[in-house]
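Before we start, here is the structure in question, set down as structure tokens.
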Amino acid sequence: MSDYNFAYLDEQTKRMIRRAILKGLAIPGYQVPFASREMPMPYGWGTGGVQVTAACLTPDDTLKVIDQGADDTTNAVSIRRFFEKTAAVGVTQATTQASVIQTRHRIPEEPLNEDQILVYQVPIPEPLRFLEPRETETRKMHALEEYGLIHVKLFEDISQHGQIATAYAYPVKVEGRYVMDPSPIPRFDNPKMEMAAIQLFGAGREQRIYAIPPYTQVVSLDFDDYPFEASKAEGACALCAADHTYLDEVIVDDDGGRMFVCSDTDYCESRRQAGHVGAQGTPMGKDAA
Amino acid sequence: MTPLLDVQNLSKYYGQRIGCKDVSFDLYPGEVMGIVGESGSGKSTLLNCLAGHLEPDSGAVLFDTKTDGLKDTVTMSEPERRMLGRTDWAFVHQHARDGLRMGVSAGGNVGERLMAVGARHYGDIRAQAADWLGRVEIRADRIDDRPTAFSGGMQQRLQIARNLVTGPRLVFMDEPTGGLDVSVQARLLDMIRELVRDLGLSAIIVTHDLAVVRLLADRLIVMKDGHVVETGLTDQVLDDPQHSYSQLLVSSVLQV
Amino acid sequence: MITVKNATKSFVLHNQGGAVIPVMGNGNLTVNPGECVGLTGASGAGKSTLMRMIYGNYLTQSGEIRVGDLDVAQAEPREILQMRKHTLGYVSQFLRVVPRVPTLNVVAEPLLQRGTPRDAALERASELLSLLRIPERLWDLSPLTFSGGEQQRVNIARGFAYDYPALLLDEPTASLDGRNRETVLGLIETAKARGTAIVGIFHDKAARKQVCTREIDVIEFAPKAAA
């Protein structure tokens, strides 16, 4: 155990953040301002998510951290170690074992349950930002439910690309009221947001926290004649043969060779453990050798 | 017949300084009102108070709403007033970039107001946008271009299309032809006049250009130092001005 | 149809020491439907002024000016606008139009303003332009590019596009050649026959004799002090 207070932040700060979280849960999709602290990591590396996680953790929790679905990338590993060090909580890579999951840009493939909390890292919480730069104006638009502008963005997509080309951070309307940026998750994950677990969103630089309580209606915005589609790359995972998961494209050589594999590493591995073998995969066990 | 707009003793101060004081007039459906005066006479302040962009210090601006009849827009709730701004009212800015989204295509600019009042069918929205671009003489193949690629006159016409697409009943215009070449101005004036006539619009046009009001406005308000010094039929005020300031204004126009 | 009673008018020039220029002391005039009253008197005697007062273009200080049921001297601007739209037409000596608007549209304008369907309005405009011998190749051009006589005829065509119950004609035949002059006088006769009440200013004495049912010398209306 280190000399840090439990989970790095002081107790007053955690109380302040918990109040913001509770307010966010009470008003699903509403961006609650909070006094974001300086964290020992640069902005853009998950300072918002880390503060929310710190405020949620108890000593009995088991933490999982993913970055783009993977447990083993720099960002995920750093944050996991950070809480191992400052909170001495148990960590895991298994989605089913975790009670708190901090994520950057993915929702795990395995459906979450009521005992879990999913914490998102959010770079820009304001879905209207790129169309309306004035914060005073966007706040008013949320307050008065003036959401025509968000459709202008989708309209522009169709005009330019013949379809809604927004592939991530696809705007949603929460419980029929607030339009919300789901953070840069692929739109493939959007339908999963109607889930059993609590979802919390933290934006450190922008000092905003928002939340979706369990079983809340989350509708992806669209046009009548261009309905929302949860898209993914065609085909199945090269390692585990899953054809229902979000796939990452991996370049394997300098000649343009590539393969598609599950973005959710834990999910892929569980499938391979269970005996699923993809086109370029090897059965589990032999793989190690 | 109820007036579309009934302005009563409207005053706005900037600290001690008068923006506009005790302005009263009414506007009936289909009428075009011109507000003239030199820079700083309070005409833009007045226009912004009428359009809900500025909060007046006293007075009332009654607008004939579709649902409740005459209603004071100064005291109505902000959501209600902003809803008027998207539906029954339109505002054409002097500088098109104040009234357009420069980063959004022409079609998106026109479609925004439709989407703001709930349109959710892309094909319909695009068809209406294309129709309106045609009406303001912007070629259909420019629909996906951004206003940054348009000339000043085109930007202004795009702004008008964007404003009129939801069928407003009252259009506020702040120097709509200011800053345009005279040849472009003439075309725009004619277009505005035709739209006003064909759609039965009412309009309030602020300008310092007496030639513009002679061609567009039915009635005229002459302002000086925040006060209304004369009102009347446009041609009557221009041809037989009564107030010394109006006489000065009319006699100061350069003859071509 | 048109009644003027004790109308007075003076100009106050605020920027020239408040000089007061009285121009009319006691205007009295009655024009019945089907009549054409010619105003006579020397240049500057106030013929055009009276006409402008009737049209609401100049304010009347006191007295009464009735066009139909409306007292123009007291009327609200919008009542005057309605009158100009439905009751009283005015052919002035000057053509004032938006630059670059085609002649055909300029002539059809009074009809379009009243909500006449576009096709019908343009057809009537073409009829009148043909009648007044404006070559068809000019119809798509702005009348501002025309000669004086052509502009005058466009102005007349516009004034006669709609059959107003009352008409004011300020020098309608001034710069016209013989044949066009006859055409215009014919239009006036037709209007009279239809029951239109007309007030006209004609310097062309023969024309005046031909179409006017009465003549009134406006010198009678001149302000007493100034006279």
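By letter and in written order, the chains are A, B and C; residue numbering begins at 1 in each of them.
Note that a residue touches a chain if its C-beta (ideal position, glycine included) is under 8 Å from a C-beta of that chain, and two chains touch if they have at least 3 such contacts.
Every value quoted in this text rests on a predicted model; they were computed, and no experiment measured them.
Peer 1: Farthest chain from chain B, going by mean C-alpha coordinates, please.
Peer 2: A
Peer 1: Closest chain to the protein's overall Cα mean, using per-chain Cα means, please.
Peer 2: The chain sitting closest to the overall C-alpha centre is B.
Peer 1: As a quick test, compute the distance in whole Å between the mean CA positions of chain A and chain B.
Peer 2: Chain centroid spacing, chain A to chain B, equals 46 Å.
Peer 1: Using Cα averages as centroids, what's the distance between chain B and chain C in whole Å?
Peer 2: That gives a centre separation of 32 Å.
Peer 1: Could you tell me the distance, in whole angstrom, between the mean C-alpha positions of chain A and chain C?
Peer 2: Here chain A and chain C have centroids separated by 76 Å.
Peer 1: Among the residues of chain B, pick out those that touch two or more other chains and give their numbers.
Peer 2: none
Peer 1: Tell me, which residues of chain C touch at least two other chains?
Peer 2: Correct list: empty.
Peer 1: Which of the residues in chain A come into contact with chain B in the complex?
Peer 2: Checking each residue of chain A against chain B gives 131, 144, 146, 148-149, 151-152, 155-156, 158-160, 223-226.
Peer 1: Once bound in the complex, which stretches of chain B touch chain C?
Peer 2: Answer in residue numbers: 28, 31, 183, 186-187, 189-190, 193, 197, 214-215, 218-219, 231-233, 235-236, 239-240, 242-244, 247-248, 251.
Peer 1: Note which residues of chain C are touching chain B in the complex, please.
Peer 2: Against chain B, the touching part of chain C is residues 11-15, 52, 56-59, 77-78, 80-81, 96, 98-101, 112-113.
Peer 1: Taking the touch rule as given, give the residues of chain B at its contact with chain A in the complex, in rising order.
Peer 2: 78-79, 82, 86, 101, 103-105, 107-108, 111-118, 120-123, 125-126, 143-144
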